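Chain IDs A, B, C and D follow the sequence of writing; residue 1 opens each chain.
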Amino acid sequence: MTATADLRERRMRDIRPGRIIRWTILFIGGVLMVTPLLYMFSTSLKTPGQIYDLRLIPAAPTLANYVEVLSEGEFPRWFLNSSIVAIVVTVSNLFFDSLVGYTLAKFRFRGRRLIFIAILSTLMIPTEMLVIPWYLMSAQFGWLDSYWGIMFPGMTTAFGTFLMKQFFETVPDDFLEAARIDGMNEFTIWWKIAMPLVTPALSALAIFTFLGNWTAFFWPLIVTTSKELYTLPIGLTSFAVEQAIRWEMIMTGAALATIPTLLVFLALQRYIVRGVMLAGLKG
Amino acid sequence: MTRLHLLAGASAFACLAGSAQAVEIEYWQYIYDTRVEAMDQLIAAFEEANPDITVNQVTFPYADYQTRIVAANMAGQGPDVMQLFYGWADKFIEGGLIQPLPEDVFPPEQIEEEFFPIVSAMERDGQYYGLPTAVRSLALFWNKDLFAEAGIEGPPETLDELIEIGQQLTQKNDAGNFEVVGMTLDMAGQDHQWWREVLVRQMGGQPYSDDYSEVTYDDEAGTEALQFYTDLANVHEIGTPGFMDEGQAAFRAGRAAMTIDGTFRLGSFSEIEDFEWGVAELPANAEGLQSNYASYFANAIGAGAEGEEYDAAVKFLEYISSEEAMAVWLDVVGELPARREAAMTDENMADPIYGPFLAALPYAHTTLFVDEAAQRQVAIDMANRVLLEDQSPADSIAAAAEEEQEIIDDARD
Amino acid sequence: MATITLDKLTKRFGRTEVIHGIDLAIADGEFVVFVGPSGCGKSTTLRMIAGLEEVSGGQIRIGDRVVNELDPKSRNIAMVFQNYAIYPHMTVRQNIGIGLYTSKLDKDEKARRVEEAAKLLGLEPFLERRPAALSGGQRQRVAMGRAMVRDPVAFLFDEPLSNLDAQLRAQMRIEIKALHQRLGSTIAYVTHDQVEAMTMADRIVVMRDGHILQQGRPMDIYSNPVDVFTARFIGTPSMNILAGGIEGDAPVARKGGPILLGVRPQDLLIGSAAGQVADTSGLTLWGPVTAVEPTGPETLVHFDVDGETVIGTAPGDEIPEVGARIEARAPAGAIHRFDASTKKALEPS
Amino acid sequence: MTHPTDHDTVPTRPLISQPRMSMRMRSNLWVWCFLAIPLVFYVVIRFYPTFNAFWLSLTDWDLMSDAEFIGFENYRDMFADDDFWKTFWNTFEYLIYGTPTSLVIAFVIAYYLDKVRFAHNFLRALYFMPYITTAAAMAWVWRWFYQPAPTGLINGVLGEVGIGQIEFLKSTTWALPSIMVTAIWAGLGFQIIIFMAGLRAIPDTYYEAARMDGLGEWAILRKITLPLLKPTMVFLVVFISIAFLRIFDQVYNMTTNDPGGPLGSTKPLVLMIYQTAFSSYDMGQAAAQTVVLFTILLVVSLLQLWVLRERT
């Protein structure tokens, strides 16, 4: 890795003249990319009277909007809901996707190919198509407007199963057979031996699943109806509509919905980027 | 007779059983803080008067409400008394979710005499399926500060004045952008109701056939109404659609001198601190013809209510459509009483805020929607075709009529 | 310790039979090496003994028990794998401890056993390290340590040295052999490297195409291969095989001859060494040198006999020139005779 | 299921006790234990609803009454409906303009970003950040950007430099591109990262050899970088296409007061499905619309398979 880095470095020194200009252009582009975020924060710190002042730095920044939203709104509750949903679904995917992926990668049994193809084929089916039957199902079983109702469609995914199968295939059989001889049962072999060997894949899957569920909109919009069960994106939408175009309040809400993921990203940037690369390339 | 007999039997039985064997009924409505609170008060009062009846209030979020009723009904666990939007009546009757009110307790003639005429939206083939506690209507909200600044005394009383005053109140900056609009133009808000039930009639037309099964605004009057509406933006330039995204937002921000909105907006406008505002009846046409759009949530008896529950339900419905209940409702929720007597008190009529809304009730109309969202969309698109695509109002209205007729036909077959 | 008995052991993958009913008895404490080219079935056989592959037919007995359907762990054997199968996420101590996973020993006893094995294998300084910080040879020792701690009735080795470089491999051969002598355990060992087989085995089992071709003590197999395959497989460089016949009582190389003559390069002497072979009933070959490989103590000489390349040995200080015509001789006692059509050895010479 | 081992202490015991199940059976038992819950899940949550959706598309189910089989009437109605076609083409507009634009921008940024060493992680973070935001939240931010003066930022800036108003979301011409820009912006970070991963995967020796052969930067880009990036490109094209075909969050949030934009000019298929199903409760019709969406996505996926097969 350092060797290639050195090579890259040398390559770059060869083309030095354009470097500063190129860097500057990239920097300006990057700033443009985050402009919406900057303005969101900026506006959330303004009073209603100031929002027509389009300067980025508010004349007299105030946290009053945040105080109002957090004390009167249900953002903390929605934040909790989103966390519960995203965490439970992520854990479930880590467990079941890797269990199935492992079984398909490491066991020879009748029907293995059929099951794999059947699972893979569900990738072709858009959630939008399943939403109506899910809704019907949820209405029948009383899952509407419940945590389980929000979560059940995502408890395992074909994408995750496929991803994990790919990675488990790179685990040498010897590792598992050695454990078998040492007397572990198949579940323990998977859990104690195989799983630790694919941690990069697990973290990639975790990042993807978590982000996907944290930002999910379509299904939660349909299945939740009471405010107590809204996830953050749905809560934000209902909040924004209710605020009826009070932009400083809407921006405060948007900021509240964005801050958690931004913080997590800033803390774990390297892992998240690597996870996205890994999942994107293998998936 | 049989019903009376039954009733007598039932009450006799209830007496025998004593209050220990209280009847329990369920009342359903959607979640809205003040409504739930008002209903809690009414239930408390009712239970005090009828110790043998217990009413459980069950509430659901608005978005989920219809589905819940349908699902519960399928499972045979529907409410005994429920609140429903008048526009859902067809669907609920057809779906067998509600039953007609007993004529002996609620004689139709008496209803028509005592209530505002808009309750007829709950009548089918001479039978009433529900009665409202409260109703809502439209009015013109005006920004007193802006009016005073421009030296205008009071709100417009006719459509011509509306244009004139609107123009005086409109302010643009050097670039030609609106700073303040004379009046908000927001079809997605209440303007579509204003256009349908008010402007069309004021231009001499009728938006729908009497039973609302046929669209009839595709005529000169309709065209004229649309022309009038779009001219507000295109010719008179007293506003522009989508200014500040929503009309009420512009008004609340003090950047619209006038806006047409309903009773239900009172709550959010009451938070305005930057300026004074007033309420006026919608402007009349040159001949003085006035119209308005009123809507309401009615209370109806669930199809599943039988026996003593049915009797209790009838009693409860009787109570919540009484004048006493309406007074509570006005007090707590701010919605207008549905009975003339309760509404048209001197005190109410003199109220600067309730007055204009109440004054409109006797001449208000109620559109029988089959799919409110879709029908509203038709009106939005109709205006947009003229405003954004320069289609002629006549063509646009023809297209709108055809589209809306299709929606109605689809729903009614 | 225990014996391992294979009785008409058969393995099929789908419709293809890959092990054709082999019989073998491994004595208690015996070190048996399965050797053969890849795909001969040696690994499959070992894996069936371990319980990692299903038995399609026949019986496997460990001790007195038929273990065909027993889980690997119930067979109380230990196995060492080609890539060591030590877990990167565990320390050396934990890896060795895995061997005691099902053991009911108490904690202290387990720790003691791990320490003991580590000591025996010279792993004590590394107990807290992760495998990534170990050399290939050390990893191999960890794998063996894990096998040892449990005190199994038999050890199975599946090509354990093939990932090591030549020098380490030689060293580990000796260590494993020494270990066997110390523990006296039954060992079944699979390799494709005949040198390993020769140096370590009490008994070699030569396999080919799912059959056992020959079994016996290493030197017996070396000196009395039962067919051309075994003859060429055991010993390096491979035995020269030439078509020929017997004229008088001396073997003669001749194209299209009725028998095959086998002579090991070490026995086919060239140059001054050839002069020492006085035996007239031996084999004499002539041909031009095509290549020479001086190895130090001796020189391997490749030369051409009627279009066949033959390898002979010259003393280390004698390096014939390529193209020079040379004479090579082998004593009669060193000539193996095989049937040209069945490739089976004719009566021992 | 498994027997406790007892020969740690008693190594040899003359017993021929065979386990009740064969090895194969035990292994299969594990397999099906592992698969049981997920398989039930797949059957109930994926397979059954898929067929159910097809079935519903042939009925007139509206939540109130029982579903009745009406053949292909929903499809006939749909194909005869101008609104459907309008929505259909809207969806394709998102796809046709959005995909190449995203791809080119993402590639250019990734190409140059890959060469930058100074503050590399910082720059990368700037570009990546929008990807981890919530689409619904960002839709509102952009909606605010697009407001007419005096509220909106873009029109405010335009006004300062003396350019007239652009009625972004209120205009039938600009509304769709405006929303598309939001969607492109949100997805760019992901695509840049994937491109950079693809670029990293090309061995440096290729470049060195090419430079040795005297190829210029441009020639290297055309002859080496782009061809070797083909798998990455195909993956991204499909990924972005599917994202645009399923666009919803932005449209829904940016046009809450006139869902689908003025005269339906921004309305994509998914919003139409949502409205048909959950605002008009015409489940049968909505199911038919989802079948159309499914078909389009299937075609895109099959195209991907076909393109990748070409390669090998």
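Rule of thumb we're sticking to: contacts are C-beta pairs under 8 Å (C-beta built on N, C-alpha and C of every residue); 3 or more make two chains touch, one makes a residue touch a chain.
Since we're looking at a predicted model, the values are computed, not measured.
Contact with both chain A and chain D is made by B, C. Steps from chain B to chain C, minimised over paths through touching chains, total 2.
If you tally contacting C-beta pairs for each pair of chains, A-D comes out on top. For this pair, chain A with chain C, the centres built from the Cα atoms lie 54 Å apart.
With centres set at the average Cα position, the gap from chain A to chain B is 43 Å. Look at where the CA atoms of chain B average out and do the same for chain D: the two points lie 41 Å apart.
Residue numbers of chain C whose C-beta contacts span two or more other chains: 51, 71, 73, 102, 150.
Residues of chain D in contact with two or more other chains: 2, 5, 150-151. The residues of chain A that reach two or more other chains are 183, listed in rising order.
Annotation, chain-chain contacts: A-B, A-C, A-D, B-D, C-D (touch as defined at the top). Contact residues of chain C toward chain A in the complex are 47, 50-52, 71-73, 77-79, 81-85, 87-89, 98-99, 101-102, 143, 146, 150. Residues 2, 5, 27-28, 30-31, 34-35, 37-39, 41-42, 45-50, 52-53, 56, 109, 112-113, 115-119, 121, 123-130, 132-138, 140-142, 144-145, 150-151, 153, 156-157, 185, 188-190, 193-194, 196-198, 201, 204, 207-208, 217, 232, 235, 246, 248-249, 252-253, 256, 270, 273-274, 277-278, 283, 286-287, 290-291, 293-294, 297-298, 301 of chain D are the ones that touch chain A when the two sit in their complex. Those residues of chain D lying in contact with chain B across their complex are 63-65, 143, 147-151, 159, 162, 164-165, 167, 169-172, 257-259, 262-264, 275, 279-281.
Every residue of chain C that touches chain D in the complex is listed here, in rising order: 1-2, 51, 54, 63-66, 68-71, 73-74, 76, 102-105, 150, 153. Residues of chain A touching chain C in their complex: 172, 174-175, 177-184, 193, 196-197, 199.
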